[in-house]
Structures are given as structure tokens and as C-alpha cells.
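Chain naming follows the written order as A, B and C, and within any one chain the residues start at number 1.
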Amino acid sequence: MKKLMLAAFAVLFCAGNVLAEKVVIEGSTTVLPIAQKAAEQYMDANSKADITVRGGGSGVGINSLIAKTCDIANASRAIEAAEVKTANSKGVNPKAFIIAKDAIAVIVNNANAVSALSKQQVADIFTGKITNWSQVGGKDGKIVVVSRDSASGTFESFNALALHKQKAVADALMQASNQAVVTTVAKTPGAIGYAGIGYLSSSIKALTIEGITPTAETVLNGKYAYSRPLFMYTNGDPKGEAKKFIDFVLSKDGQKIVQEEGFVALK
Amino acid sequence: MYSFKERAIKILFTAMAFASLFFLLGIIFVLFRESLPIISEINIFKFLFGKHWYPTYDPAEFGILPLILASLWVTAGAMVVGVPLGLGTALYINELASPKQKHILKPLAEILAGIPSIVYGFFGMLVVAPMVQKIFNLPTGLSAFTASVVLGIMAIPTIASISEDALSFVPKSFKEASYALGANRWQTLIKVTIPAAASGISTSIILGMSRVVGETMTVLMVSGGAAVIPTSFFNPVRPMTSTIAAEMGEAAVGSTHYHALFAIGLALFLITLVFNAAAEAISRKYRIKLGMDR
Amino acid sequence: MKNKITQFAGFAMITACMIMTLLFLASIIYMIFSKGLPAISWEFITAVPRNGMTAGGVAPAIIGTFYLTAGAILFALPLGLACAIYLNEYSPKGVIVNIIRMSINNLAGVPSVVFGLFGLSVFVKFFGFGVSILSGSLTLGILILPAIISASQESLMAVPHSLREASLALGATQWQTIRKAVLPAAIPGIMTGVILSIGRAAGETAPILFTAATFYKRGFPNSLLSEVMALPYHIYALMTEGTKPDLQTPIAYGCALLLLVIVLLVSAAAIFLRNKYREA
């Protein structure tokens, strides 16, 4: 009886064992939706490919690339010098591909009188030095800081770009998605939050930062402050399916996915 | 020939019987080994009583006091919800339910226990949290309060089924003696049956607490996740379990963060170990008391 | 008179507690069914996720959960059964039995996320199985081991002593007695335990978070060492890493419904089996 079950189990596995070139993609949760959707469309066109997409974070992706447990590492930051050194010592030679631009808009409730902030003011609000809207030219009222969960890529981005890694105010409301931040800000009059530029809608108001409105144009020409490139790293020049996959992401169809997921396509 | 085979089989079974002990020791060993580096890097008091959990900042801070307190708050809150409901359910099944109702209610409690925690978390996130937010007019419904309510519901079956067992073990003669003295059913229940089953009931509560403190997916989804020392039940908190689950995926293997998460796991393990040992001790004493030692 | 009033009030309170509990159970089941049913279709069960996980089905997650659960049972059943047989049929009373019994109780009380840490450190890293079906199945297997042991032990204990004595009197060895006389009589009870463990293993999320689950993958796993999508993890991933809640929440409801149906079917089967067995 037990043997029979074992045999059945073995057969099940063999049945699924079609020869396919496996590509493992791991890393930044910011890049995750792009990579996932691209993998879907790529596998539609290339039925032989077998792509797995995992999150984890930029550091985890790069570590896996160094340990050779993934083929493509997604990262929302450039690889650090120390990481390159470790990689080289293990015979891994990370090669970077910029696949999209990420821009984060600072958003407030539509009823809020404030519509422009400086970088310093944003940092002070999110680190808790400024706590009332009247301090930045608005009506008197407590500022309710809305943040993303610290596991998210957007949190990591915003923390690096706007706060310069200072600690965010501890009693911020942690929301699980960009959409949730937008919804909360739209419902809470004194709220301030941040979300990917693709999530902007009429239900909330995006602030100008140092006088620059966040748009695809100001992001690409580098004027908007809270923006950064997104990367895919491979070990040396990618080969086979991994190369074809990255080519696909950089193609017109791939960049359309970038836009659909709320990021800025490279023109 | 036969005796050789018999002995071989017996030895094999004996070896396999030690599997649970082996795994338990393995878990303890792994938790200690993986958390040791943190003790050499940070002072253990700073780790246990540090007020700031900022693992991804530079310089990082690894104080798990907010996480421990969050776990305790949520567990206490869950008990406020779960104990009366679980106990009430047990008393109903034991005292008021007809045999036919018992036949239906007991399996239902089992089903409640079998629902995966991710489903409770999902339910809490999409149904309970928005309700809490609306009723109390909060900026977010994901809070210690919501987590307590959902975890309290999850603890009901544990508390109800073990308490019910304890109540049904109370000898009939106890009750009959009480009735004979002129006490009514309620007085008998409060003055005789419940005290007689007290140790079983406390076992059920401790085991319920143990389950709640170790519950992961539910708190991860409904507690809100702010790593601050809790000041109000309506604020988001970040219990120990959800910290491990949320951050292990992003901690690079071998980093201080990685070891710190294992150390939280160790602390959690020790807490549940104490709960389980207490439950075990109480229930053993109780079995002896009723002459049911086996 | 006063006594009657307190009794009435007390019983009313108890009844209210019972009703509250039932109300919670009913509302969870009702919510999941009413919101989940519209998502369920043939496509949902058999197709792969489409359009950035906002459409299509969840077949890879169903397959993954199947593999993980089957693997966990295959690992835990022989171990658990052997342990139960030892404790019930061979065990010399005393210290050893107490130690084993205590370790089973304590293992049963270990939080599920700690099993995940153990699996990560031992199976994923130390043995180098990576994030895979194998690592996940072994981790889940250890998690359900105590449940399988107690169910097996209970049903072995229920086998009447006369049966063993009769077999031994006929000259059968102890192993022959166990295999031919005791086990067949205990099988329905053991099956009940196994079935309930299936429900537990299929629904657990925390142990597979770092040992088996992946965000996205298509098709059948090609080996024991490949990572898989899993139903409970898929709910979590959609709710936390998903970027389009309005489209992804219904899919998560669908997954929750599938999980709930698995658990309800499994519990019903186990309860049915147990009642039938008890009557017999």
C-alpha cells in the first residue's frame, strides 16, 4: 500500500518533468510586479521557458545571485561596492540592466490647503519633527503620517530617497499596499502618505516637491527629486532564456508592462 | 530467525519513536545556534529590553521589547474575548445542550479549530478591521484590538473543547450530592462543577494562550505592524511572530538581522514552552486528584 | 425566587456565549462563501494566473499545496505510526515513555513560525535542499507529527486487549500480532488522524513561507527540489505584495474558499469516519 503510494508520487513528478530551461528571478519587491507580469507574457510566447519569480528584497536578490541560487536579481538600488567584492571573490561578475524608473509621489487629502513642500519639510514631517499642518503653511491640524509596511519596496525607496535613512516617525500608520495608502489618505483629512507615481488619481492630491510636479517627464529628465532607477542583475553577460527575458523586459511590450504597473518606462 | 526479525523490528520502532524528541531537541539546538551570534554582537539586555526595533536602518537597532509587549497585549486581549466565549460554550454543551445538540455542536467546534489561520487573518483584514475602523472612527482598523478579537475567536475551540472534557469528567455523584442538598442547577454548576473542573479549565486557558501567542499569519495580517511600544489597543502593533514572518524573507542569511530573528524565535519558543509545561503540570495534578492517572 | 432569577440569567449568559460562537463561525463561513463563490470557475481551478495575477486561475497553487501536503503525510505517517506502535505495544513503562510523551506534547505546542525557522536553517540551508517541495514537506511533516502520533495511539489503545491475547495465544509473534490483528482494527482511527492532518498541513502558511513557497511559477514542479506556489501563501502574497487590490482581492477570496472547502470536507470525512467506527 505504502509502496503503491510512493510509486504514484514518483510518477506524478516524472510526468511534470518536461525539459525546460529554468530561470529563477529573485529580489526587490518593488520590481516584483514587473518581473511577474513580464514572466507571464514571456512564457506565453515561449512555452519552453520555466520562470520562477520570488520577492525578498534587493539585498536578498543580490545575495542569491552571488550564491548562484538565482539567475536574475531584481534590485531597487545599485549594487554596493562590498557586494561586488564578495561576488568577484566567488567568481560572480554582476552585470546591471536598468529596466525602469521608479518615482514616488507625496500625497495629501484633497481638502488639504498645502500643495507644495520642500525636501526638508517632507523629511521633517516623516521623521516627526513637524507635526502640525500650520507649520508648513496649512490650516491648524495634526499631521497623520501614513507609511508602507517596512517590508515593502516602496518603504525602502522612500526611506532612502526622502529620509536619507533617518528613522520614520514610529506611530505612522503602516499600510500593506500603495492602493491602501491612497485610500487611507483619501479618507483621512490630515493625512500625508506616499505612493508610486502610477497610483495617482483624482481622489488624492500629489504635492510638488521643490516646485516640481511628479510626472513621467520630470522623472526622466531627472528634475523630480524622489526617483531612482530599477535594476536587474545577472552573472556576467546573460545567456539563453535569461538574456531573452531581459531583452523582452527592455522591449516595447516589456516597457508597456512597466507603465501598467505604475512605474516610468525608459523612453 | 524469528526472534532476530522481531528484535530488529522492535529496535527500528524504538528508534523511530524517538523522532519527536529528536526534532524537539533539533529545534532547540538550531534556535540556540542561530541566535548565539546576536548575543556576542549585542548585549542580551539591550536585545530583550531595547525599546527600538530598527533592523534595516544604519546603524541598526535590535530591541525586541516592543515586539514582546505587543505579543503580550494581543494575547491578553484575545483572552478577554476567548475565555468567556470558550468557557460559555463549554458550559452550554455540558449543561444545557440536549444529546442531539451535543452531537452537532462538538464537531462544529472542531471545524472552527480546523479553519486555517490564513483564512482567519484574511477574514480579519477584510471584514473585522474595516468594521473596527468604522465603529471607533479610527485612521486604520489594523490594530491590537482587531488582532485580539480575531485571535480570541481562534482560541474559542481550544478553550471550549478542553474545558468541556474537564467538565464532563466531574463525577455525577458530586452534582447529585449538591442537588440533594437543595441547590439548583446554576448553584451546582457554579459552586460544585466548575470548581471541580478548575484545573482542567485553567489548562485549557493556558493552552489557548499558548496557541494565541504563537499564532503567526493572523497577527501578521491584522495587527498593523508598527514596531512601537503599544500605548493603546487601537494602535497598530507588531507582535513577535509577525516580525519573524514578515522580515525573514528580506534578511540576508548570516546577517545580524537574520540572527536577531532567530533569537526572537527562541524567545517565542521559550514562552510557549513555559505555557505548555504549566498546562502539563496542572493537568497531571488534576488527573491524580480525580484518580485518573494512567 | 432569587435563586431562580440568577439561574435564568446565568443560563441565558451561557446560551448567549454559545450563540456568539456559532455566529462567528457562521459569519466567517458565510463571508468566505458569498465573496469566494463568484471567483470560482473551471478556469479558476485549472488555469494559470494571468495579467499580473489579476485574472486567470490558481492551478499552480493548488498543485503546490497538493504536493506539499502529500509529502508531509508521506514523511510523518510512517514515523508517527511507528512511534504510536512503540508507545502502545512495545513500550516498557517508565522514564523513556515519559520523555517521549513529553516531547510529543511540547512539539505540538511549538508555534508554526518556529517550525519555519527550523526548516529554513536545517533543510533549506544546512542540507542544501533550497526553497523547495522537499524542504516544505519535511517541515510540515514535523509539524503534523504529534497529531498523527496521538490519533494513532488513541486508536491503538481502543483495540481490545483480548484481540492481542488471542493472537499471541495462537503462537503469533508480537510483530505478527501487531500487523495482522492490532493494526487492521486500528486503521479507521488512524485514518481519521491522517485526514485531519491533511487539513492542517494544507492550510499552514508560516512553515512554508521561507521553506517552499514562491510568488509566481507556472506549470508542474519538475522535481522535489523545485519551489512551488501554495494556496495559503498565495492569499498572503496577493494581500500584501499584490499591487491591484480591487482585482486581486476576489482571487484571494476564491483561494480562501478553496482552502475552507478542503478543510470542511476533510473534517466532515474524519468525523463521519470516526462516528461510523465508534458505532461499529
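Throughout what follows, a residue touches a chain if its C-beta (ideal position, glycine included) is under 8 Å from a C-beta of that chain, and two chains touch if they have at least 3 such contacts.
What you see is a predicted model, and the numbers here were worked out from it, not measured in a lab.
Shared contact partners of chain B and chain C comprise A.
Averaging C-alpha coordinates per chain and comparing to chain C, the farthest chain turns out to be A.
Look at where the CA atoms of chain B average out and do the same for chain C: the two points lie 17 Å apart.
Remark: chain A and chain B have CA centroids separated by 35 Å (rounded to whole angstrom). Counting partner chains per residue, chain A shows two or more touched chains at residues 55, 149, 151. Counting partners per residue, chain B has 249, 253 as the residues that reach two or more other chains. For chain C, the set of residues touching two or more other chains reads 78, 239-240. On chain B, the positions that touch chain C within their shared complex are 2, 5-6, 9-10, 12-14, 16-21, 23-27, 30-31, 33-34, 84-89, 91-93, 95-96, 105, 107-112, 114-123, 125-127, 153, 156, 160, 184-187, 189-190, 207, 210, 213-217, 220-221, 241, 244-245, 248-249, 253, 261-262, 265, 268-269, 272-273, 275-277, 280. Those residues of chain C that touch chain A in the shared complex are 48-53, 67, 70-71, 74, 78, 130-131, 214-224, 226-227, 237, 239-246.
Residue ranges on chain C touching chain B, taken from their complex, read 3-4, 6-7, 10-11, 13-18, 20-22, 24-25, 27-28, 31-32, 78-79, 82-83, 85-87, 90-91, 99-100, 102-107, 109-118, 120-122, 125, 142, 145-146, 149, 173-175, 196, 199-200, 202-206, 209-210, 232, 235-236, 239-240, 249, 252-253, 256, 259-260, 263-264, 266-267, 271. Those residues of chain B lying in contact with chain A across their complex are 54, 56-58, 139-140, 142, 224-228, 235-236, 246-247, 249-253.
Taken together, the chain A residues at the contact with chain B in this complex read 55-57, 59-60, 63, 144, 146, 149-151, 156, 165, 167, 170-175, 184, 188, 191.
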